[in-house]
Amino acid sequence: MPKPKVALLVGSDSDIPTMREGIEVLKKLQISYELHIYSAHRTPDQTLRFAQKAHEQGFRVIIAGAGMAAHLAGVVASHTLLPVIGVPIEGKLQGLDSLLSTVQMPKGVPVGTVAIGKTGAVNAALLAAQILALSDEELLKRIGAYRFSMGQEVLNKDKELQGNARKFFKN
Amino acid sequence: MPKPKVALLVGSDSDIPTMREGIEVLKKLQISYELHIYSAHRTPDQTLRFAQKAHEQGFRVIIAGAGMAAHLAGVVASHTLLPVIGVPIEGKLQGLDSLLSTVQMPKGVPVGTVAIGKTGAVNAALLAAQILALSDEELLKRIGAYRFSMGQEVLNKDKELQGNARKFFKN
Amino acid sequence: MPKPKVALLVGSDSDIPTMREGIEVLKKLQISYELHIYSAHRTPDQTLRFAQKAHEQGFRVIIAGAGMAAHLAGVVASHTLLPVIGVPIEGKLQGLDSLLSTVQMPKGVPVGTVAIGKTGAVNAALLAAQILALSDEELLKRIGAYRFSMGQEVLNKDKELQGNARKFFKN
Amino acid sequence: MPKPKVALLVGSDSDIPTMREGIEVLKKLQISYELHIYSAHRTPDQTLRFAQKAHEQGFRVIIAGAGMAAHLAGVVASHTLLPVIGVPIEGKLQGLDSLLSTVQMPKGVPVGTVAIGKTGAVNAALLAAQILALSDEELLKRIGAYRFSMGQEVLNKDKELQGNARKFFKN
Amino acid sequence: MPKPKVALLVGSDSDIPTMREGIEVLKKLQISYELHIYSAHRTPDQTLRFAQKAHEQGFRVIIAGAGMAAHLAGVVASHTLLPVIGVPIEGKLQGLDSLLSTVQMPKGVPVGTVAIGKTGAVNAALLAAQILALSDEELLKRIGAYRFSMGQEVLNKDKELQGNARKFFKN
Amino acid sequence: MPKPKVALLVGSDSDIPTMREGIEVLKKLQISYELHIYSAHRTPDQTLRFAQKAHEQGFRVIIAGAGMAAHLAGVVASHTLLPVIGVPIEGKLQGLDSLLSTVQMPKGVPVGTVAIGKTGAVNAALLAAQILALSDEELLKRIGAYRFSMGQEVLNKDKELQGNARKFFKN
Amino acid sequence: MPKPKVALLVGSDSDIPTMREGIEVLKKLQISYELHIYSAHRTPDQTLRFAQKAHEQGFRVIIAGAGMAAHLAGVVASHTLLPVIGVPIEGKLQGLDSLLSTVQMPKGVPVGTVAIGKTGAVNAALLAAQILALSDEELLKRIGAYRFSMGQEVLNKDKELQGNARKFFKN
Amino acid sequence: MPKPKVALLVGSDSDIPTMREGIEVLKKLQISYELHIYSAHRTPDQTLRFAQKAHEQGFRVIIAGAGMAAHLAGVVASHTLLPVIGVPIEGKLQGLDSLLSTVQMPKGVPVGTVAIGKTGAVNAALLAAQILALSDEELLKRIGAYRFSMGQEVLNKDKELQGNARKFFKN
């Protein structure tokens, strides 16, 4: 039986570097995933077929990253009942266009939207992980460890800062 | 042989009053049209089927009005080669979300976007008319007459203003 | 054994009417929930204690709605590994402040954000339902039925419109 | 007899690089065009004379690109009944000023507005092509082929990604 | 010999109530003026003819108020060397569209822009007066008196407030 | 010896209702204050004289509320070394103009800015109180009690909600 | 007898490069000017003294350029009856803060605002020139010549473009 | 007995360079301070413990700088009665997200917010100093001297400019 999987869709190959760190989080948390390039506008048929079959193919969460009038997450969400997480990718207007196009979904078809750009990619991966962890205690522990180490990193930096502030002041 | 037709799509019946004055313009210019409620997200299959068949059904221009993360015009445009005109409808954020979701289409799939709300509905109808008039000289004359009378109305108001300013100062 | 539960938190009792329709969606989908008023800033201790214990108390998803510098969802998310869904509630600046305060979470602590206001409340409930349905096939069917009926409603309105357009043109 | 032509107007020679890719699309689709520099504000008389004569000179669509308080498309539209497509060009405020100055045209004189900057230039060319294709079946086929190949490019990239993801992860 | 005059242009009769208080300021300062309705887009020819002849007709300052993609002030400014003052009138987007369309004029054709709406109308009148007062000492005195009384009004209100605060607290 | 005092300045008497609840907070916390109407632009001399003498007159914190291009807090801050708290008051653009005019002070002359409108007025009063409490232990206790009761109010509402949700659902 | 003069004030020496091209316009038009660095906040007394004496020192127009919470133009305008032109200088938020702080002046004290940044500096100089030209026919001719040559430059570029498009396509 | 101290908190070590110049101001004014890295979201427990103990540890003012959905200042403010100054740090959307997340605090828990980025860091330090100076006359003198020298610097630059303008015109 296949493990629950995360589908990562991007509207263009130029969006992949933005998603990279999120993919690394999935790997670190040992979550299987597939990454695809599908455009809501240039390959609409393939996009919706993927969305329609995602559930039966074993995917459990779909992350969709797109820029500008970012319809990808919304189009996918309208063809599946899986939870869809949208990552607004920065193009013009500093990503305000993709943020609003992703988050302001009308009643009935939700997209859980995270922050613009690379930060959002990481958080999309973590939110997908937290969703999957509802039925996977081992994963929950790994997420807990990830978050703990994230906090430790901050605390270690603070400790280091108290010892040697100078190195932190370089721009 | 059917005359070229305009398809007017709205994402929700609550968008129809916004489109009303645009429909009146189509009537005045004697342009046949059909008005449909199709939601990009709640009825995605019907929306795309409509878009796919619009050309062979005799439509020549599609006007799509929707609010919030307004994907309707973009979804339609991705399934047809007919010119698509998008009307951003005001919901939240004074329509900035629907404006950006409509106008900021990525490369390859254009949506000609007009102003937010009722003004946009009128201008969408006029733009559709101007497109159809490229191969319909009678329609061109009607548009010319419409625009002329629009200008006359302004000039008449100015004349009236010179005679009796008081009535224009009421809020 | 208790059924998985959704926790709905609002920062102020004045936010409850905004959440109402979302609560009705949870009821319709037969999802058990609890609604609480906890303020990230005025009752910080109770808020974080709730977040810290939410998992062991059987909650599986937390929905947090707040306005202005809306920290509620973020504060909750920083004290739990449950998926947190944020609903930006409109106060000033048409909710742009609460939207950005909710969605722009820094790396490591995700909040899945939905649309501003009542639309977001409904979509938060649906997203929570879709998450819970990953391990509840009956719920998945109910969501599917809900979405199907939502589409039917659009199609019925379109059919009605073709028969009698006039009634849709009233503002 | 001359073929239908597209007029491309820019408000300044510094706007031409933004329009370049759009011009390449016109060439690829074998659409004849003329490119002119006319400023709504610095050469108002020439601009309006061009607009007034555009129809009789055989132009069928006018594309106007300008930045800041971008009046070019609107000024042109007020002197012709040809369809006018506006391309907001980025200067200050990330192009928000030119977007709003172009799209928010008052009732009666429409400008079909596309995305800010180079993306908009390409889409303006495609929208012009789709308009011209209403009476040119050969052009319609070329647009269809263009769009098909655009989709294929996405699908090929996805295929390549499945085989060798690494090359896509470079920023 | 005619006195220097101010021309007040509005794009629509619906803009007149916004300009009213500005007109009252002109009257109070005994500045002769003419008010006209000319639309940059619906009556472009009349608008530019007015602008071209404004100087020889004795006008010395032109105030232009318009909403949305507010081109009126810019169009006028491109056809005259008289100082042009633009009043952005609120329609959609709280007047941000008309503000940017008025103030962000490209190099070479200035429009001195004032605040959005009624406040701007008053300040446009005062700025016009200050310009005319450069060669009219009597007018300068009247403006000085106006400003002095404006300050006195504030100081009187403060005095009243110290005596009886209660009446100021009603909303 | 006079107790430390708070000076509340507003740019117009129409701003007083916005400040009212903040004044009530000062009263509740037994902090003496004076309220004045001084306009940065219409009574610049009185404004700066007040600022220059505020310290020697026993004031310890100055709260300044103004709208639009809200210069009042900044002008005051440039003439005193007392801490100045700015309250952006909503006029146009939902207060975004007054927020930015107040908070974006250039290097060297700080204004501690609080939220737009009535919420900001309350928080300005509390921030002033917290500043004064640095040297007034009794005041600190009163602020602590105020904040505690504020939290209790939230908790009581939550308790009430658990008992009788219905009354909270009315809009 | 001294010629009418323009005063150019900037809030910081870092603003001078932004004003440079505007100064060149003044020189070209043979308008005498003085450039000063005065900060509304760091040198408030000198700023207001300059404003108060500007008229008697022979200045006829004041141009003030500042960034962020740009109070300079407003502070100057509140201490003089000369026409004041504000140039919003870009710092943060792409100059939106300085634009709103300059243009949204409250009733009674106008600032004629031009575009953000260098474009605004040029247009401020031209607007000042147009104001001075109301009583200087020679200057009016020079402005007319300037504007004519500006138009010619556009037309020459268009001519060049028709002959050799290639050189314009380089970015 | 320890001198009153300022606590400077940042949400990430990457925020420290932004705060640097503010720290230099504290040093120049001889104000003791501690700088810590605490994240509202990644180290929530340490953050609130620091806030809860800040008063008894001798801190008198807390400066908190954070980016994006900047909750740090608000979280700290909800756990202390010390005055809290928030510095919005620029990340995405030019810092608009962190500005709104910091300044738009709901009723009851104030954060005195300063400008976005490095300017804000300097002004936060000065505002903290002005607060501490309410009970430290020597500090007040040092702030007075600092502000005087700041003004002198402007005046010296103006003097230099009058002598040799050329050096100021380099970009």
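First chain written, first letter: the chains are A, B, C, D, E, F, G and H, and each begins at residue 1.
Keep in mind that, in the parts below, a contact is a pair of C-beta atoms (placed from the backbone, for glycine too) under 8 Å apart; a residue touches a chain by one contact, two chains touch by 3 or more.
In this text, all values refer to a predicted model and were calculated from it rather than measured experimentally.
S.K.: Along the graph of touching chains, what's the shortest path length in steps from chain D to chain G?
M.R.: Minimal hop count between chain D and chain G: 1.
S.K.: Which chain is most remote from chain D in terms of Cα centres?
M.R.: F
S.K.: Mind checking the centre-to-centre distance between chain D and chain E? Centres are C-alpha means, answer in whole Å.
M.R.: Chain centroid spacing, chain D to chain E, equals 36 Å.
S.K.: Which whole number of Å gives the spacing of the CA centres of chain A and chain D?
M.R.: From the centre of chain A to the centre of chain D is 34 Å.
S.K.: Mind checking the centre-to-centre distance between chain C and chain E? Centres are C-alpha means, answer in whole Å.
M.R.: Inter-chain centre distance comes to 48 Å.
S.K.: Two-or-more-chain contact residues of chain A, please, as numbers and ranges.
M.R.: Residues 12, 39, 42, 68-69, 92-94, 96, 103-106, 108-109, 115-116, 119, 147, 150 of chain A each touch two or more of the other chains.
S.K.: What are all the touching pairs of chains?
M.R.: A-B, A-C, A-D, A-H, B-C, B-D, B-E, C-F, C-H, D-E, D-G, E-F, E-G, F-G, F-H, G-H
S.K.: Chain E touches which residues of chain B in the complex?
M.R.: 90, 94-96, 115-117, 119, 147, 150-151, 153-155, 157-158, 161-162, 165, 168-171
S.K.: Can you check the complex and tell me which residues of chain C touch chain A?
M.R.: Touch list, chain C to chain A: 4, 60, 81-83, 85, 99, 103-116, 119, 122-124, 126-127, 130-135, 140, 143-144, 147, 150.
S.K.: Please output the residues of chain D touching chain E within their complex, sorted ascending.
M.R.: 11-12, 39-42, 44, 48, 66-69, 71, 74-75, 77-79, 91-93, 96-97, 100-106, 108-109
S.K.: If you look only at chain E, which of its residues touch chain B in the complex?
M.R.: My answer: residues 12-13, 16-17, 20, 35-39, 42-43, 46, 68-69, 92-94.
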